[in-house]
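Same chain, two partners: chain A is paired with chain B first, then with chain C.
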Partner chain A sequence: MSIVIKELTHVYSPRTPFEKTALDKVSFTIEDGDYFGIIGHTGSGKSTLISHLNGLIKLTGGSIVVNGIDLSKKYDYKKLRSEVGMVFQYPEYQLFDETVERDVAFGPKNMGLSASEIADRVEYAIKLVGLDYDKIKNRSPFELSGGQMRRVALAGVLAMRPKILVLDEPTAGLDPRGKKEILDLTLKIKEHCPTVIMISHNMDEIAAYCNRIAVLGGGKLEGVFTPRELFGRSDLIERMGLSLPTAALIAKKLRDRGVQISASDEDELVSAILNARRASHA
Partner chain B sequence: MRDVSMGQYYPTKSIIHRLDARIKLLLVIAYIVMLFFIPTVDNYLAKGGNLSDYVIKASCAFIVVMLFFIVSILLSRVPIGKVLKSIKAVLFLVIITAAIMLFFYSGSASHVYFQRGIISISLEGIISAAVMALRLFLLVIGPSLLTLTTTPVELTDGLERLLKPLTLIKVPVHDIAIIMSIALRLIPTLIEEADKITAAQKARLAEFDDGNIFKKVKAMLPVFVPLLVSSFRRADELAYAMDSRCYSGATGRTRMKVMRMRLRDFVAMFVMAAVFFAVLVFVYDFFGVTTLLVNLVGIAL
Partner chain C sequence: MCYYIGMSFINFDNVSFTYSAGTQNEIRAVKNLSLSIEEGEFVALVGHNGSGKSTVAKLMNGLLIPRTGKVTVNGLDTADKKSLFEIRKNVGVVFQNPDNQMVATIIEDDVAFGPENLGLDPKEIRSRVDSALKSVDMYDYREGAPFRLSGGQKQRIAIAGVLAIKPRVMVLDESTSMLDPQGKKDIMDIVLRLNREEKMTVIMITHFMDEAALADKIFVMEDGELVLSGGKEVLKSPRLIQNGLGYPPAVSLAKRLREGGMDVGEVYTDDELVEEICRLL
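After this line comes the complex of A and B, so read on.
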């Protein structure tokens, strides 16, 4: 099972003065079990790309096959949307029901599941996102804190038990601790939902959590890389208007000053600096 | 979506687009008044005029207006199709009005072609129907050229400046204008927000278009509630942001973009005045121009 995207092209408002090519012949494959990152500057087409994956944007150019479902043919969109869970930017703004429990139940209910199955899934999802089920289930989602609201919204998608989870900038608007909590949560979620796709324009996040990273720029795919490959491409990163992860950036600045080290995360950086020190003292 | 956000605005960099919004507003008002100076058949005949004079006067006047309008469209570089599109909304009205004129003309008629009961088709009826249709058409399409070439924000700005004298009689012109601009500014944001929430709920398999009206309304709740919540949040945030930048209404406020009259604005006013004058010349037979025309046509025939 996998997501195969071929020559995906999307134009907004075609044949008007506002015509905008948001995606231009983008092709790549996401394998089962990937923690797949999509990185690019604002407006590079990331959201447009992922909105195709569950059919929210109709396919108009190219082809996509998601877990065997060919989106260029007629398909069962209910099945597709239960299979691909989509968490948009600021998902807390989609909460609407009177209680947390009812809000989380919205998706499973729409799937037409039995009442007991729905109740099971709601409990499962609320617990999975690290909230206290008994305490929170009867509260109004609007009286929760921002971080809690985001978790509830996440639970609302997880309750559908998707096989692929797509997160559009899940850390936007959170403080550093909130960011880390959500990101660590995605690792826990990944044990239940094997394929996770995360959009971000923060290289640190992408570097630390993803095993493969697609770089988008102006609607075009610049390539799919492992984190290590990507940091070797500081030219590309600069051209895309992105910045290196902090650790790699420090390593690069040290290299520019003649210290021969390389590192892609904090631990590597610390040990590399220590090694370099030892070497220079020896 | 974006189409809504800019109203009908069709961006080109034409001279018409660059005219001062205040001038454009004034010109449109003058244009509408001008159309009303062209009398209807009834009116003209009631004052003792004869039909062939009327036809010549009215066609001359309409030709002048049409020429003016066509040149304006060409200058604006807005595709003619876009301009005509605004007619669609009132096409029904135009047809109905013209049909009533055509079949139920009740004034004195010189040539009656068909008569049965209250339905009668006469020469006068045909001419009034044509004039009415033409006038309605021009009436609708003129202002639409304004909205095609001016952004809503420019329009509100222009309106505020034009209505400024009303502050003397305690009309809160500035407040009304700022409410209008904020509303205009927020419409696209709200639409975008509604789109996003709709997408998110669709991803959770919400259905929006099946069932009866009650079901549909109920189905809208998952979009409507978050939209309402976020509108209130937005209003709050905006109020704070304005407060913290010391916004205190109109008093002491200056403008970043000062509207300044340029040569093109004066030229536009001059052209409009000339067209207006030409229409009056034809309609009221100043200097005997129309009489001369009538005679010329008579000789030619």
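After this line comes the complex of A and C, so read on.
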């Protein structure tokens, strides 16, 4: 079980004056169990890439195989979309129904499941996102707080029991506590939905949660890295118009001042600085 | 809470605002808020989601009128309809989503929208549009279409649109939250320059504590109330941990280094922290 992407190319408005190559021969594999990050500046092709994964954009160049479903052949859209759950930016804008229960049931209903199976899944998904099922099921989603609304939207996707969850900027607009809550929730979700793919502009989040990271720039893949490999390469980060996570950034600023320190997270940075201090006063 | 009553440029005197007042969906977004902002200050307004920050932004230029209490801008009351035009010339707001702020199909037309509505002479409009676009480094794009720009570029156009009105105050309501790291940095650089070099008053509403660390004055809101206000020392108040906002990264790292026995002085930004560490090594 995995996502295998080969030579993926996508051109918007082909053969018109507005022709734009959004993805150019992108190849990589996302393994089962990955918490996979996708980063790149605005317009680098991230959204075009993930829109391919559940068939929202029709494959026109290259090949993609998602958990055995070959998207370059005729395939069952419904099956693909129940495998791959897609949570867009600000997903709470997509809530629409009168009650939380009905909103979350929309996906499973469209899968043609039995009434009891739908009810089970709705309860499962609402509980999985950490909300009190009995208290919230009959409330209007529009009366909830921003963080709660985002969880309900997430539950609507999880109710389809996807094997792969794609999150596009899941923490955008949330305050620091809300951000941490959503991210910690993704770890809990991962126990049920083994593969998580996250787009984020926040490098601290990427460094803390992802095990592998694809870097896109101008529609091309720059490579797939572990966080340590990636954030050790400040040249690449700068060239891509991205930023380093806080700890790596401060370590780099210190190196630029002649202090030989490297660190990929806050703990490493603190102990590296304290060690340098001891060495300099020994 | 302390009261500042006097001739500050922006003054909130015991202001409350309620959405859907008198209905069952009533939300008391701002409660008995008093604060003052002087000309030339760089102010950060921080708070959790739903703390009332955006309501405060909208109260600052009369998009919302207080239910009780009074907001004045340069001595003019926002509740006085005759003053609104003058107030909005003085206070420009840049919102979160750049796509919601574009009104024209050509970039320079979009930036000209404000000055056109001020009824200015076409020559003056041309010169304001050009200098506003140069100020955000988007002059070369002036004849292009906004929809082809990146989020950060669109946000720069939105700032240019505000600059072309020549306001004395710019309010940025989470204006960097949808941008990529480069876009975020570009906006912060522009805003800092406008404040430092052109003495524009800047009010930055944000969740990013590293952005707040650049301000001279910090206001912290919780559930519609102002709970902390003051200089940078606000950024090390334990209250920021309790309310979930957290410290700016440099403040929390400095704290950990002190716990490890290093005598780190007062720092708020990454650069200040780096400077201090270099001094101590």
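Note that the second predicted complex is superposed on the first by the 282 of 282 C-alpha atoms of A that agree within 3 Å, B and C clash if a C-alpha of one lies under 4 Å from a C-alpha of the other, contacts with A are read in each partner's own complex, and residues count from 1 in each chain.
Keep in mind that, in the parts below, a residue touches a chain if its C-beta (ideal position, glycine included) is under 8 Å from a C-beta of that chain, and two chains touch if they have at least 3 such contacts.
Not measured: the values here are computed from a predicted model.
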Task: Overlay on chain A: chain C relative to chain B, clash or fit - done: clash
- [ ] Based on the superposed arrangement, let me know which partner A:K78 touches: chain B (first), chain C (second), both, or neither?
- [x] first
TODO: Look at A:P14 in the shared chain and tell me whether it touches chain B only, chain C only, both, or neither; answer first, second, both or neither.
DONE: neither
TODO: State whether A:P176 touches chain B only (first), chain C only (second), both chains, or neither.
DONE: second
Task: Contacts of A:G33 with chain B and chain C, given as first, second, both or neither - done: neither
TODO: Check the residue A:G68 against both partner chains and state whether it touches chain B (first), chain C (second), both, or neither.
DONE: neither
Task: Segment of chain C that clashes with chain B, given the candidates 20-28, 38-46, 74-82 or 110-118 - done: 110-118
- [ ] Spell out the residues on chain C that touch chain A in their complex, using ranges where they run on.
- [x] 25, 47-50, 96, 150-152, 174, 177-185, 207, 209-210, 243-246, 249-250, 252-253, 256-257, 260-262, 270-271, 273-274, 277-278, 280-281
Task: For the chain B and chain A complex, residues of the former touching the latter - done: 2-3, 10-11, 193, 196-197, 199-207, 221-226, 229-230
Open item on the list: Considering only the defined contacts, which chain A positions touch chain B in the complex?
Closed with: 12-13, 16-18, 51, 54, 56, 78, 81-82, 85-86, 88-89, 91, 93-97, 106-107, 110-111, 142, 156-157, 160
TODO: Would you mind writing out the residues of chain A in touch with chain C in their complex?
DONE: 40-43, 143, 145-147, 172-178, 201, 203, 241-243, 246, 249-250, 253-254, 257, 259, 266, 269-271, 273-274, 276-277, 280
